[in-house]
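Below are two complexes that have subunit A in common, paired first with subunit B and then with subunit C.
Presenting the complex of A and B:
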């Protein structure tokens, strides 16, 4: 066997798992995740720690694998539920980015929209003393409305005044951050925690310290809603006129216009949906995962969600899996750092690497199809 | 009143140089959301080299200012290779690549800062202490009323930035390279037909953007924050993008946009201070530059036009 041939065979074996075009949307992200874990393992080896133990600790910390011992009232289920609790806002935020991307819009303003809706829900419902049965749905409604209006504003500015949505969302992020910080510090500050006063339990979207079977757990109600929203969104995007029009505008604005689709209306609509989803992320974050707002800080979820949604191919179901993965790494890192003695910050490096390699997915895809063509040519030449 | 001009300039100019970097990249047709990451990573390399050299040679860290500037440019440029390779060679989506680079820069530099502090210096710190660079005042000119403030308490980097910005302006608008670069962003096929390698032009444009953004980041680290930490990622890179879009992808209007940001920012702080309001009111004045931008954009955006081939992957075979 000649050297050239062997090289060719090696290449063929290497690309076999990702050569099936039908499965590429799933296999290529998986391959990138695999490569990035290898890269992360090398980094951990350089620091002089055991990568397998580190990765196992990540899973343990996130409640996927059992820890050797637990404190009182804690168990694997507790950890897993807090994973879901942290994951819920990320799912909503990534869906928000995904919807905007489908319409060819880039919503950098998710964190601003989250903050505004979280703040409004906090001051309207959080301190109102309403019963849980009214308060919780009201929080959701306010979240959707506030976020939707803010997103709609961005879409309207783009449609009416040709203001690039990247610029307007960045400006609105800053404005929201400073104005809300002002109001919190003037009227709603808790002097001890230096954050806004804690909201009432009735308005919170996560049930805290529920005792079941001798375990104390946080039950994120928003998580169920997040899953349903993702499925519903997939339905809207694939099966309805609204979804079709939004996607058409995103693929080619001019073609959509010629086809008689109202581009401006769909731009505003897509941004409203995106903003509404960001609003849901806001309320599940500030009135679920947390129960107060830290002034002058925008949550990093807004930016992480861009990457998470891209990792999930901006597909509603893909987004659930990608946020699950990112949340595991994020949540497990505390336990990993205490057990393996590796800095917690490595978790964000791993996430960064995963995203970096998945950005190369398009290149892999091209490479594969080119190799296939070559293969075909060769076979033709032989016969 | 003087402080408004002094602080405004020292904020506007680093922002301006980052924005010029963005203009280079976007004019060549490569969308650049990675400026935030470039400026952070550049500042990290600059600060790291300053801290290391100061430690080895025993010099005062303030004196290593120029060394740090040099290394920050190098660092920004090296880091921008990722964006160039991803979006030109690997044909990745340029928006995705930019966002990923920002996330990676934040993660890597925070991790490495803590790790290096622990391993090399044996301290548990998440920042490199730099101090504020020395300032100088031009006697005589400084005594002119109002305008004199421009020559008072000037950071040396402001002069450097103006010199580099002038050179960048010349390169982009008056040279063959600049013309080809701008043409690559408008009609890459015609550039190709003229026998010029589009990918090479774009590659160098992205590297220039990394270099300039790294410089800008270092200037922020040596003035506003006086150290390197994850606080360098304050969104100035995004603000620079806003400025360059506001400036319609041209250097001089972008300077105007940056000055507007700078003076509105320092002006807001000045008003809050002179009215002796409680500190939380400062927040309310901080929104000034952003509200102003939005309002101005409503009037000026109609004529705004991005480079025609911006964000498009160059495909030789496509017509």
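Presenting the complex of A and C:
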């Protein structure tokens, strides 16, 4: 009896924090993250290191917590800004995935769209010698246009020929990867770095080595844009006719058609918006975080963004937080490995665990509602 | 005592916020057809789920063959020879009938005394025998995906028979069937009874009960109202007990006053995806103040006519005029704006976005224009205000008001949501396709009343229904369709039910 009771109470206490349905979109990812950190801690314990130390090192490396010592011209703020710099493309890419998901589409082609827009912006603006005031906005415009066109193509193929977007985006990824690598190696290669030639500073979306208060910092201009874009997207999705139609198409194509919504047009539009965001991810990555393109390689951001978007519930604001978390682990890993002697790969394990557990969010939600039902039944039985 | 194979005593089952069964006691004799009658949400299904092992009662006892039992799972129920034929079939479409039936209870043999294998041949023979014995007419080697709905249902019946069920529970078995198939099924059920099985029939169709049931328990709001001897009770009395008030099955309506022509369909031809003509050269007109009903057996082209008028299907020949304007090639949105309301057959996959809340679904056809939106920006307050007004006006019941997800609502309330939205469009032409399918008798009465009310206000109404009774009741003009062609158009007074039936079967022809 008492054992049963204790078990029951334990269960009740466990579900209490996530039982409120109104807060579930926030609480469930938090619980998922918490569980994944416990799992990660176990992994770190197994290899014989102190997990708290490791997590603290992660935060230090990402510029959230101060390191005991810094090299010249470096400080906590420098680290934090490079965190934001790395995070910017991830936010855009995850927003791209989230918008497509709202329309019931799965954009796996973010990496390819990033590469195409990054490459076009590089060759059109990167070597042009234009002034920063013209060059930087132009880079953004080219990014949006190139990505948007490529996404729009995918949407059009789906609408016109009913080609599954998963297939077409994967194929376009390959085409982008090898065609662009051909052009880079033929015309734009830097013989020493074996990458495309570095772009001019004027075209770069991150201000590099800016000296403020005796610190040399990288200032990611794109980050501010990313935050505004997320807020703007939330507005579009919740409050506008365009967002309403995209969501209706995503939830039920038949009913959307029946209600007089042009399903094909909205499919193309959603993919264009998604592609445009991927384009922004591309220019902030190849012309911001980096300043050149490595041939024959697709950025992993395009794929990480799928999971990051899911972790953020495909919600524009949620995506900011999930990108932040994943970037912290990513950025902090170098410092963690040098300080705690834990291999850098462990950080990938942690990210993997988080994403794995976040994918279990739906399961948690069901489990909770079932436990709640049982609880109610029991209460009725007692009274 | 042992007269009764099933006894359920003082069963009470509560769910959060609702008492599904309140102190219900029933006793069922061996070898009878016992019907459970009640509106949606009256507690029929819950009661049978207790018998089928899906739920455990909060209070009360169950006796099977005189022995007290606690049925803890469907497997346990099967051990007690209780089998349930569900409303929604649970079949693997890529498997053959036999494979589906033996799933979970595969007869295993050993090859050379060593290698186990499933003895399909023997199973086939056994199933064929069962099928023959009960007149089910099923070929066990066919794949499920090649079967009609009524055939699939027979497979479900075979499934429980194969598991040696003595007590068969049918959950709304005729909801998905055409009139002919229904008759066939009722014949099968009768045969099962004569073969010594005990049948429990959950339904809200009175004529079926009248036709085959021996006794009938009426449930209302979770309580047992009465157990009736079917032979000695009129259908009207049953309906009254079920709804808990006087029901008017025959809708009384004022004589129709036809005014100007609203819809004109000329030589309409529609092809399906395979290029096959499903609607062939159909012409008719509907006037303001007229209910025009298309009668016919399912899948004879009537839904395609409705879809073509609403713009969901492309027209391959002919013209459609609304108030004299050619709308044959207009978009769906334009047609809605010009004045077409459409209550589609499949409310869950066409009529509603199930993951949206009520207020959003109520605005699904007007969200983009004032007052719901201005310059592309939605006005959420307007959604809420209109939603609140409409759920009150049309008595749409839901757990959390306008914020309720439509997915969680009952079929009847989902239908009310669609009808409310479509009536509020104030369109001169309203198309109703199977508006009363799967809704309970109280709601049916209500829907008929609303249709007649709209007619009296000068709407032109196109009704597509498989229920002949409904058509005879409501329609002013009847068009009978067979194989994509209108066989006959005449006023409802000039036709008898029998005549309509003959045209429906293509038995009678009229040269036009």
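Brief remarks on what is shown
Just so it is clear, the second predicted complex is superposed on the first by the 382 of 383 C-alpha atoms of A that agree within 3 Å, B and C clash if a C-alpha of one lies under 4 Å from a C-alpha of the other, contacts with A are read in each partner's own complex, and residues count from 1 in each chain.
Operating definition for what follows: a residue touches a chain if its C-beta (ideal position, glycine included) is under 8 Å from a C-beta of that chain, and two chains touch if they have at least 3 such contacts.
The structure displayed is predicted, hence computed values, not measured ones.
In the superposition on chain A, A:211 makes contact with neither subunit B nor subunit C. Of the two partner chains placed by the overlay, only subunit B lies in contact with A:106; subunit C stays clear of it. Of the two partner chains, subunit B is the only one touched by A:363; subunit C is not. Of the two partner chains placed by superposition, A:131 touches none, neither subunit B nor subunit C. Of the two partners subunit B and subunit C, it is B that touches the larger number of subunit A residues. Within the superposed three-chain model, A:351 lies in touch with subunit B and out of touch with subunit C [touch as defined at top].
Once the two complexes are overlaid on the shared chain, A:256 sits against subunit C while remaining clear of subunit B. Note for the complex: subunit B touches subunit A at residues 33, 82, 86, 89-93, 95-97, 99-104, 106-108, 110-111, 114-115, 235, 238-239, 241-242, 245-246, 280-281, 283-284, 286-287, 290-291, 293-294, 297-298, 301-302, 304, 306. Partner subunit A is touched in their complex by these residues of subunit C: 14, 16, 58, 310, 312, 331-333, 336, 342, 344, 346, 349-356, 364-365, 367-368, 373, 376-378, 380.
Residue ranges on subunit A touching subunit B, taken from their complex, read 47, 106, 108, 157, 161-164, 166-168, 170-175, 178-179, 181-182, 185-186, 296, 303-304, 306-307, 310, 343, 345-346, 348-349, 351-353, 355-356, 359-363, 366. Interface residues of subunit A facing subunit C in the complex, by the touch rule stated above, are 239-242, 244-245, 248, 251-252, 254-262, 373, 376-377, 380-381.
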